[in-house]
Each structure stands twice: as structure tokens, then as C-alpha cells.
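Please find the structures below.
Presented sequentially are two complexes of chain A, the first with chain B as partner and the second with chain C.
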Partner chain A sequence: MRLTLRALISHGRVARKMGLGPESRINMLRNLLTGLVRHERIETTTARADEVRFYAEKLVDYAKRGDTDEKAMKMASFWLTEKDLVPKLFNVLAPRFETHSKGYTRMARLPNRDNLDRAKMAVLEYKGNPFPPLYPVKKDNELTLINQLLRGYREDRAQQLATKA
Partner chain B sequence: MINLTALVQSLRRSLLHIESRLLQAAGLDRQLAPALAVNGPSLLPQLDKEEEVEQQQHHPGLSDSILWMAAPKKRRTIEVNRTRRRSDSKLLKVKNNIEPCPECGHLKQKHVMCGFCYAKVCRETALIRQQIKEMEGGPLRAPTVETVVLYEGETPSEQDKDKRIVERSRKRPAWFSQ
Partner chain C sequence: MATRSACRALERRFASAAAAAAAARPSAAEVRSQRNAVFSREQARQRALYPRIEKIEVSMQGPGLDGTLLVMNRGMSTPLSCARHLTEYHVNNSVLALVDGEPWPLHQPLTDSCSMTLLTFKDSDPTLANQAYWRSCAALLGQVLQTAFKDDYTVELLSTPEVPVTSGAFCCDVALDPQLDSWTPSEESLRSLTKGAQQLIHKDLPWEPLEVAPSVALEVFSHSRCKQEEVEEKAAQHPKGRVTLYRCGDHVLLSAGPLVGRTGLCSQYEVTALHSLRQGPWGLHRRAQGLSLPLQLQAHHTVWRKLRQRAEKLVEVSRLEEAAPPSPPDSTPPPTSQ
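Presenting the complex of A and B:
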């Protein structure tokens, strides 16, 4: 038998408290999500980015259902305050993530903000955006000695296989 | 012989009389009881005013309450002070998760992005966004097609045919590969 009130214990509560209350929190997240869908890469505090991530992925899941789905359209029109982003969501983001099952966003921590508050910052982006990547893909330098030797070895092997066959 | 009892009684009477006179003179014969007791309301307004005046004067008076306030008993010696000020929780912690960024060589924390490299990326994205803004020409005109960024001397490839092309008038930077 429960001896304590459920309201006083927060075991397992995933959603953070933000802003002035639950409604204010949802409004704040809605603004962040609209900005993310428009610009595809935003920079905020770590806590806000973490909260928006969940909603961003859920929104893409709803968008995958399609334009004609009643619930999906209602969700999109609620969460995107700028209505020119609703067709962008259904025609650009949903086809982009067709092959992905989950993990449409990428979050990376940034150095603390330069203001007096030194807040923990994070950058949140949808994968596949047109901007330069946050983590540049490092290509091996072909002109190093080891790579040149390996290249020579691979060419010799290919030659030997060609002569054998 | 018969007058002996009368004599003793008269002596006794006279002694009691003398005793009562002595007590009267000393003032100890009065009994501590009121001559008349009347049941009625208290008729002493003057005493209440005195009590109020006493209470008003008593509030800010800390002369009695000094006894229950906390105060240090002895001077804390410099040794005790030093051990408190330099205890482990008050010393600065050494960070061992700082390493140089492999790209630019600036220092960064292991779980955090390099500030210099991110600033570089930010500058380029700002220029791209400026180009996009000029292309769109106004607010709330997000296109319903994907966007691709092409630098000087690049032609759109097979994948880029139905995408919006954003031209940037500079050479492609080395860290922005396709």
C-alpha cells in the first residue's frame, strides 16, 4: 500500500521542469522546434537541446505517416508555429529520413557561453543538413609513406591475381 | 483557702490581659483575613496601564535574551582556521580531461567540441544563411525541396538535380567535403 503521495516522489520522471510551468515549457520547446525545423541547426543550452531532441524525433515520426494523416497534420500544425514549415516537414524532412528508423538528430556539447552565467551550451541539428559538418570527416593522407607502401602492395597483389587467373 | 482558686483565676486573667496588651502594642494580634469580601468586577484600571507600559518597554530589550544567543567561546586558532580553509572540499580540483584538438591544436575538453573549429563552421554557416536569405527574399518562404551548397567551379551532380542550389563565391574549404 502506498504510504506517500505520488506527487512528492519524482522517480522515473523524464521531462525536466522548464520556464514558468508546464504550459510555458511546451511553448518554449515549440519555439525551439520551429527554429530547428527552419534552420536545421540551432545552438541552445544543453538541457533545452536535450528536451527538444525527444520532440524533434517524435515530430519526424509523425511526419513519416504522411500528409494525408489527420493526426500527423494536427501535430505538425500545433508544433510548428510558422506555417510555411509544415510542407517543408512533410516534403523535405520525412523523405530524408525514410531509411533511418530512429536517430534523426545529432547533439554535441559546446564550450560554456561567454556571458557571466557560463551556461552549458549544446548544438542540435537534423542529420543530412546542407551546412558544413560539425565533426569533419578525416580522410587519410595518400602521400604518407605507409599509405604509399600499402598502395604499392595492393597493386602488386592485384597484378599477381590477374596473371594467375 | 477557698479563695485560692479565685486568686489563681484572677492572676490568670490578668496575665492574659497583659499578654493581649503586649501583642496589641507589638501589632501581631491582627488576623490576616479581610474584614469584608465582595464579589464584583476588577476595579484596578491603573494597574493594567502599568502592565502595558511594562510590556511595551520589554520588547526590544535584549538584556535578558543575550543569555540564550550563540556566541563563540574561544578564539579560533590559526591552525584550526588553516585546516578548515584548506580542506579537500575547498581546494580547486585538477582537471585531467583537457587535450589538444587534432584539427587545430587548440585545447579542448574530451566530451566537448573544439571552440575554434566550431567558430569556423559557424562563420561559414552564417555566410550560407545570408545567401539563402537573399535567395528567399523575405520571411516565411521556406522551400519544399532540399538545399545543397556549391562552391566556385562546381556543377550540380546527379543527386542534386531537384534541390535548391545555394552558390558560394569562394573555393571549397578543405574541411567541408561533399
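Presenting the complex of A and C:
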């Protein structure tokens, strides 16, 4: 065989290698996906979160077909190792994302892991989860002078429009 | 012949009467200097009550300051001097002090050991600071109006109504000379009033508070019957029967509540309108309105323009003592008890 450097240099190769091999990679992603469906927000390394994101969204797309669909049920039962999550997927997550066409997950960076490896961590969540938001919205204090003046202004305008209408 | 001499006698009598009247009514500058003199005298007398320095303990409350104990002088140290012991941020940004839960002007000397909080405009609950700021802006407007007109015209400052901040503008009620009854201010005159206010702001004058007995206050306002009535009203409302006077530059005024520390705290200040209200006992009552924002809360010019447009509308003040919500301007008649 040709002893080229093509095999050793990985410029432009987008597919990641995880774990011990392709089968190990799929098993790892399956575990992560099960955890995500159960808890709706998980913390892993950035690379793994990024990989799982694709599969998480595809799974929701399959779930939207409904549990009567043969293929959707097979996919769900393959990807979710804990079988009590299959009804949760079809009855909770699929209706939640009915109006969304894509973008069911959100990923945010975390500080590096405290271990010796200092790995790059990320948090992955399904949107609409019951936890407090990842990016908290800082509300301006309603009682400052300028906000009170603006409130008065808004009420005034509303009244004017009401009397005009 | 007899009639001519009689006419001349009458003329002389009327002339002397007019001259006597003109001489009896002192000029504005004389009134101001007299009030200033009485104020300084009373201030010096109150300071002389503490000949020896006695120490008091002031414990500070607030974010990052809890439990800080400052040892200050009785009758000499003010909340501002406590702030000076802390940081420049506290000096520049504190608006009012809360001494044992009571609103306390920044320049009023402390008399007892207490616990103190410095209030700013950016606290979680700046209502007291906002109200004090609104009152101070109204007081500034009163000062500008007092000094704006020529000496031939008298200006009577009536009691400034307590307006909530949401109504959009602070008001100062004033009764001008009867000669000016038909005068409505043009944009140029409003702008010149604004300029006068901006000059005062630029000078960064402190508002010095002084708690006095009603007799001293009546002496200060001896030339103005309207102010004397106001003094009596305020003395009746106060639990101890004392009246608080404030001095800014050389203008002495009366106020319903605490004012902020210095005029330099305001940054955007504009006199927006001068409306005529009904005829009252002191002449035609007029309401001067203005809009202002402090140094720490400046508005973008688009926002400022919108707020200013609203501030030109007349602000109705309900005469009821309860904190009624601001009645909408122009649409309903004010429920006055007059």
C-alpha cells in the first residue's frame, strides 16, 4: 500500500473519534442522550456535548412523528437505554417542540474541569426545561427615577390612546 | 386759588404716601441679605451650643459597610463627613442619609449615637431618594424664579406641592406681580430660566439645613405674609413644632421634607412650562414645571425629548392628604377643596 502521510494528517476531517472505536462512540452517545432525556440538562466535555446535540435533535424529530410510527419507536428504543424514558420522549418532549422547527437544544460553556486534565466543559439542555435559565436576564430596577418617569410616560400614552380609540 | 393750593397739598400728600410705600417695600437684594443674616446668626448660635467636642458613635449600614463604627463629633459631624471617611464613591453618590430610620439631609449635623445608611439613586428601593431629588429640583426652580425677574416686579413663592415622580414634572407654585398677569412666557424666557438653573447647578452649591423654632422662621420671612402662613402650617404639622429652613447660596427657603446635598447632583435640568392656575389670595397663581435627571441616571436625548414633551403638560395636584395616584393631566378637573 502507498505509505502516504494522508492517513496521519487530519486536515479538514470533521468526524470526531470518541472512546475505543465507532461502536464505543455510539454507545457513549447513547448513554449521554439517555441522561439528557431523563434530566433535560447535563454537563459533559464540550466535544461530547457537541456530538450529542446532533443526535438529540434528530431524536426529537423522530419523536414528532408519533409513537405509532414503526421507525420512530425503533429509534427511540435503540437510543434510550432506560425504557421508562420512551413515553417521556413521545408524550412530553415531542409536544413541547411542536411549534419549533429546529433548535431544540442549547449549549453553553462552563469553567474547565477541576481534575488534572482541565478538560473543556459544556452544559447541554433541552429548551423549555424547568430549571433556572443558563443566561439569567438581569432586570433593571423598576423604582429608579428614570424608570418611574418612563412608567408615568407609558401610562399617559396608554390613556391617550384609550381616549382616542 | 384755594383749590390750587388744596390740589398742591393733596399732590404733596399723595407723593409722600407713594414715596413712603416705595420705601417701605424693600428691594429683593435687601430682603435676601436680611434673610441670610438671620439664617447665619441662627446657624452660628446652634453651633455654639456645643463649645467642647463630644464624641458619638455612628454605626454604618449598607452593602459592604455593615457594622463599620465611626467615631464622630456631636453637633459638628454630618452624614457627608461620615461618607468622607469611607470612599469618594460614597461622597459623590450619596443623596440622603437614613439615621435610625429617619430621612436626614446630608449637611445636617448628627446629635446622637445612631445607625446610619447612605442612600443612592441606584439602591433596590430609591423612593426616598427620588422624592428628595424631586423636592430639591422644585426648590431650585423656586430660587431661579425669585432671582429671575427685575426689581420692579414682586415674586411670591407659594408652597411647593408634593408631586409624585410618575407625574412627569416637578412643580413650583408662584404668584407674580399683578403687572405680569397678562404675560405668558415664551420659549426664550423658559430657556433663560433654564440657563439660570444650569448656572446654579454648575456652581455646585450645598443645601444647608437648619432646624429652627417657628419664631425664628417668622423673623426670617418677616417681609412675606404668604411665607409666614406657610411657616405656621409647617410648624403645626411637625411633631416637635420646629421648622426646617434650607439655604442655597444666599437664598433661604422652606421645604416639606429633606433635600439632597448639593445642586451639582442634577445634570439634565430644564424648565418646561409656566401654567396659569386660578386667581388666589396672593394674586394669579402660576405653576412652573420642570424636568430633571441626576448625574448618575442620565437619559439618552431621544428619551429626554419624550419625557420633556410630557413635562410641558399641566400636572394636577389633588389636595387630599392621602397618597392618591397622580390624576391624569388635562382630562379630569382637579378635586380641589378651594
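We adopt the following convention: the second predicted complex is superposed on the first by the 143 of 165 C-alpha atoms of A that agree within 3 Å, B and C clash if a C-alpha of one lies under 4 Å from a C-alpha of the other, contacts with A are read in each partner's own complex, and residues count from 1 in each chain.
Here, a contact is a pair of C-beta atoms (placed from the backbone, for glycine too) under 8 Å apart; a residue touches a chain by one contact, two chains touch by 3 or more.
Quantities reported herein were computed from a predicted structural model and do not represent experimental measurements.
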Tell me which partner A:Y153 touches in the superposition: chain B (first), chain C (second), both or neither.
second
So in the superposed three-chain picture, is A:L161 touching just chain B, just chain C, both, or none of them (first/second/both/neither)?
neither
Chain B versus chain C as contact partner of A:E82, first or second or both or neither:
first
Once the structures are superposed on A, label A:L3 by its partner contacts, choosing first (chain B), second (chain C), both or neither.
neither
Contacts of A:L116 with chain B and chain C, given as first, second, both or neither
neither
On chain A, which partner touches more residues: chain B or chain C?
B
In the overlay, answer first, second, both or neither for which of chain B and chain C A:P130 touches.
first
Touching both chain B and chain C, residues of chain A:
none
Residues of chain C touching chain A in their complex?
121-122, 124-127, 129-130, 133, 165-168, 291, 293-294, 297, 299, 303, 306-307, 310, 326, 328-329, 331
If we count contacts the way the header does, which residues on chain B are in touch with chain A in the complex?
102-103, 108-109, 111-113, 115, 117-118, 121, 124-125, 128-129, 140-149, 166, 173, 175-177
Give the list of chain A residues in touch with chain C in this complex.
141, 143-146, 148-153, 155-156, 159, 163
Help me check something: in the complex, which residues belonging to chain A touch chain B?
38-39, 41, 82-85, 87-88, 91-92, 96, 108-111, 123, 130-134, 136-139
